[in-house]
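There are two complexes below, and they share chain A, which is joined by chain B in the first and by chain C in the second.
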Partner chain A sequence: MSQILELRDVDAFYGQVHALRGVSLRVEEGEIAALLGSNGAGKSTTLKTISGLVRAKGGSIRFLGEEITRLDPHRIVELGIVHVPEGRRVFGALTVLENLELGGFTKRKDPAFTKRTLERVMHLFPRLNERAKQRAGTLSGGEQQMLAMGRALMSDPKLLMLDEPSMGLAPIIVKEIFKIVRQINAEGIPVLLVEQNAKAALKLAHQGYVLETGQITLQNRADLLSQDEKIVKAYLAN
Partner chain B sequence: MAQLQTTTPLAKKSPLIPVLLALFAVILFLMPYYANNYMLDVATMALFYVVLALGLNIVVGYAGLLDLGYSAFFAVGAYTSAILMTQFQMNFWLTFLIGGALAALAGIIIGAPTLRLRSDYLAIVTLGFGEIIRITALNLEITGSSSGIFGIPRPSIGGYAFTHLYDFYWAMLLLAILTLFAVNRLGNSRLGRAWKYIREDEDAAEAMGIDRVRVKLIAYALGAMFGGFAGSLFAVKMSAIAPESFNFMQSVMILLAIVFGGLGRLPGVVLGAVLVIILPELMRSFAEWRFLLFGIALVVMMIFRPQGLWPSGRGKTE
Partner chain C sequence: MEMFTQQMINALIIGSFYALIALGYSMVYGIIKLLNFAHGDLYMVGAFVGFAVLSLFGGGTGLLGVVVAFFAALLFGGLLGIGIERVAYRPLLSSPRLTILITAVGVSLVLENGVMKSFGPSFKVYPVQLPTEGFQIFGATLTYAQILIILLSVLLMTALHLFVTRSLYGKAMRAISIDHAATSLMGIPVTRIISLTFFIGSSLAAASGMMAGMYYGQISFMMGFIVGLKAFTAAVIGGIGSIPGAMLGGLVLGLLESFGTVWLGSEWKDVFAFSILILILVLKPTGLLGENVTERM
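Here is the complex of A and B:
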């Protein structure tokens, strides 16, 4: 298997706060990698560092064999990494369609391609189709998550990074979202999935990483990780 | 259930509107034939404010950046024309273009270091920049220090010299119309959409691949450029300029114009600019009370109609 993304000894700071301490992880072709950890562990920071929103102070990040550690966020998106941020961050005052248009923004693809991608997204998320002209702010939490994911797919990503897509959603919606993540992955898009909901995430993922106060403390195949005693005790107990 | 998109230009909504707009344009063009000099002068000032408000609207309305020092940019345009024409005998139209370009450059210079600031700091920095420009003009010899520059020659086009008030009125009207078209086009362009995303949620826009720095700098540069154009024409119309023409109150008035009419919506911006000039004129009999009354009107409006005077499309913040 060839690798899509590799982080090696990545350090990141917020002022004096040392948020990532030598984080190393990789995402292989076609797989879903889950990044687990409790609140404040540094999961979001890891994604932000990959997408360039936070600058890595040390270490290296390679994507499809290319060094991207010091690139600007928009350059990284152009290369194909799309980050669906924590809390969805859809544009509430804009319509669903306008939100999706942003996804196709950086890729100046031909209109035919944009149209096809839009159809694909609408097919994947029929609810978005029904609400295309509605303001995104009026959508439910689950629909907003779908919109955020649909928006990401519009830019034809080569790696999709999802930051806690299940946050604040009812179990039944979470199930639906995760099913769609699996579907997206089945189409060949590798996914880096950040979750506090470790149980569900490990069911979905091929590989799992556990982050604690900025350091990777465990990593293994997801099925093995979900049997790991420490994991079960710390993250899967309820 | 489905909501109408309000991003479509106004002109597309009804076949009547282009006709009305054309009629309105004709009435404006014919103004020198039926209006007296006082009315014409006020109208020229109003059009001048329309250009300034449209320019500032790019920065504040489209890109969502606060700017309390916008008069600095029209000062740059005005002084550029004044200096180049009085001391280097340059052709006005050339200085007009140079004034716009230098103002754009000033926009980038003020924009670049402030891009990472939160809006409250941005307010202070832009305010400071406006004052720096004014105080510089006040102290430099080339800008004529406190007495400013006078005897700025009148421009001409192909042998036709601008001598009457209506020449400047027409020139300002033309500039206002061109600016309106340009700013409207910008708002509906790819760049306009990028500004809208940045304004809505900067971080999310950046995460989706919008080049935040570039997009914001272009907003500052273009906004400043229109200010520069307006300032340049202002200088030859007045034939004299002084630092006090570009004080903080001017910046506030332009900002008021766009807040008054409705941020980001061009008909509102134009209306706001016109009202900001005309209302104090109408209240002239109240002499120095008029700004107070004007202020009260604004406060009342902020309470009852904070989205601006122009009707918005069904609660949309566009």
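Here is the complex of A and C:
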């Protein structure tokens, strides 16, 4: 398997806080990698550092063999990494359709692709189709999560990063969202998943990493991690 | 009746000027939450660019000269706006809002004094005056030039409205005004869109300045100060950050000011306008078309 994303000894600060201390991880072709850890461990900062919202102070981030450590966020999206941030961050005052159109900004010179992808997204999330003309702010949390993911797909990602897609959602909706993540991955898009819900994440993922106070303390195949005593105790107990 | 009609015409003209400037105020506020107090001076700079270009042509300026001067004012104003943002505001985007607000006041002083040093402190007579031919309507005089100013303003505002609501770049502007970081995660070059916003807003103010120069016949380096504050008032009346609001606010302020002048006397004109600003801020701070979008999480 060839690797899509590789972080090597990445250091990053979040404000004054030394949030990442030498983080190394990789995402392989076709796989889902889960990044687990408690609140404040640095999971979101890891994703933000990859997508360029936070500048790495040291180490290197390579994507499809290319050094992306110091690129601007919009350049990183152009290369194919799309980050669906925590809390979805849809544009509430814009319509669902406008949100999706903006997701396809990097493909604006290829209207045929945009049209095709829009159809694909509407097929994947029929509820977005029903609500295309509605303001995104009026959607339910689950629908907003679907919109955020659909918006990400509009730019033809080569790697999808999801930050807490299950946050604040009812269990039945979480199930639906995770099913779609699996489906997107089955279509060949690797996923880097950050989750509080470790049990569900490990069920979905191929590879798992555990982050504690800015350091990767454990990594293994997801099925093995979910049997690891330390993990079960710390994250899966209840 | 004839006085009513005449005031109506005045209101439309002055309202158009206010609206064109208010748009830039509102767009910039929307996108980086800055009250750009240098914005009124772009109107002044536009008038002076037009003045300089028309002076180059000498006495026999035809329609062509006016058109060239108009586009020169648009382009120069827009590029100056981009330059100001790049040099004075962008380095401060992550600092407290007060810092950047004070910087805007500084930029305003630089522009005013820069123009004063270059062109002198006295009033300048515009090289080209608008023709006064027109026709009578309900006993009032409406000149062709006034019609042209109103039409041109409506055209510029319609173009802007279509750009912001229909084009992908316009939608990106609205997205940035909601959430900078999330917009950059769409692969949208946020700083470039901010530059574009400054270009459009500044060139509209400059266009308005050039038209005002020809309409009133004289210009001065301080002409942008009070008009800038009025345009700010217009933007607040309409709901700052809202583009249709800026247009409506400009028109409403033009109307109130024109008729207020009739009832109260012209020496009370500015008092009247700024009293309205205070009233709006107290009674409906979101303005006529401003709204608080409620979002579900």
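Everything below uses one rule, namely that the second predicted complex is superposed on the first by the 236 of 238 C-alpha atoms of A that agree within 3 Å, B and C clash if a C-alpha of one lies under 4 Å from a C-alpha of the other, contacts with A are read in each partner's own complex, and residues count from 1 in each chain.
Please note the rule applied: a residue touches a chain if its C-beta (ideal position, glycine included) is under 8 Å from a C-beta of that chain, and two chains touch if they have at least 3 such contacts.
This structure is a prediction, so every number in the text was calculated from the model and none was measured.
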Superposed partners chain B and chain C on chain A - clash or fit: clash
Which of chain B and chain C A:E101 touches, first, second, both or neither: both
Which of chain B and chain C A:L139 touches, first, second, both or neither: second
First (chain B), second (chain C), both or neither touched by A:G168: second
Partner chain(s) touched by A:T46 [first = chain B, second = chain C, both, neither]: neither
Partner chain in contact with A:V77 - chain B first, chain C second, else both or neither: both
Contacts of A:N185 with chain B and chain C, given as first, second, both or neither: neither
Chain B versus chain C as contact partner of A:T117, first or second or both or neither: neither
Intersection of chain A interface sets (partners chain B, chain C): 51, 53, 72-74, 77-78, 82-83, 85, 89-94, 98, 101-103, 105-106, 135, 151, 155
Residues of chain B that touch chain A when the two form their complex: 1-5, 7, 190, 193-194, 196-197, 200-201, 203-213, 316-318
Residues of chain A touching chain B in the complex: 51, 53, 72-74, 76-78, 82-83, 85, 89-95, 98, 101-103, 105-106, 132-135, 151-152, 155
Touching residues on chain A, where the partner in the complex is chain C: 51-53, 72-74, 77-78, 82-85, 87, 89-94, 98, 101-103, 105-106, 108, 135, 137-141, 144, 151, 155, 168
Partner chain A, residues of chain C touching it in the complex: 168, 171-172, 174-175, 178-179, 181-190, 293-297
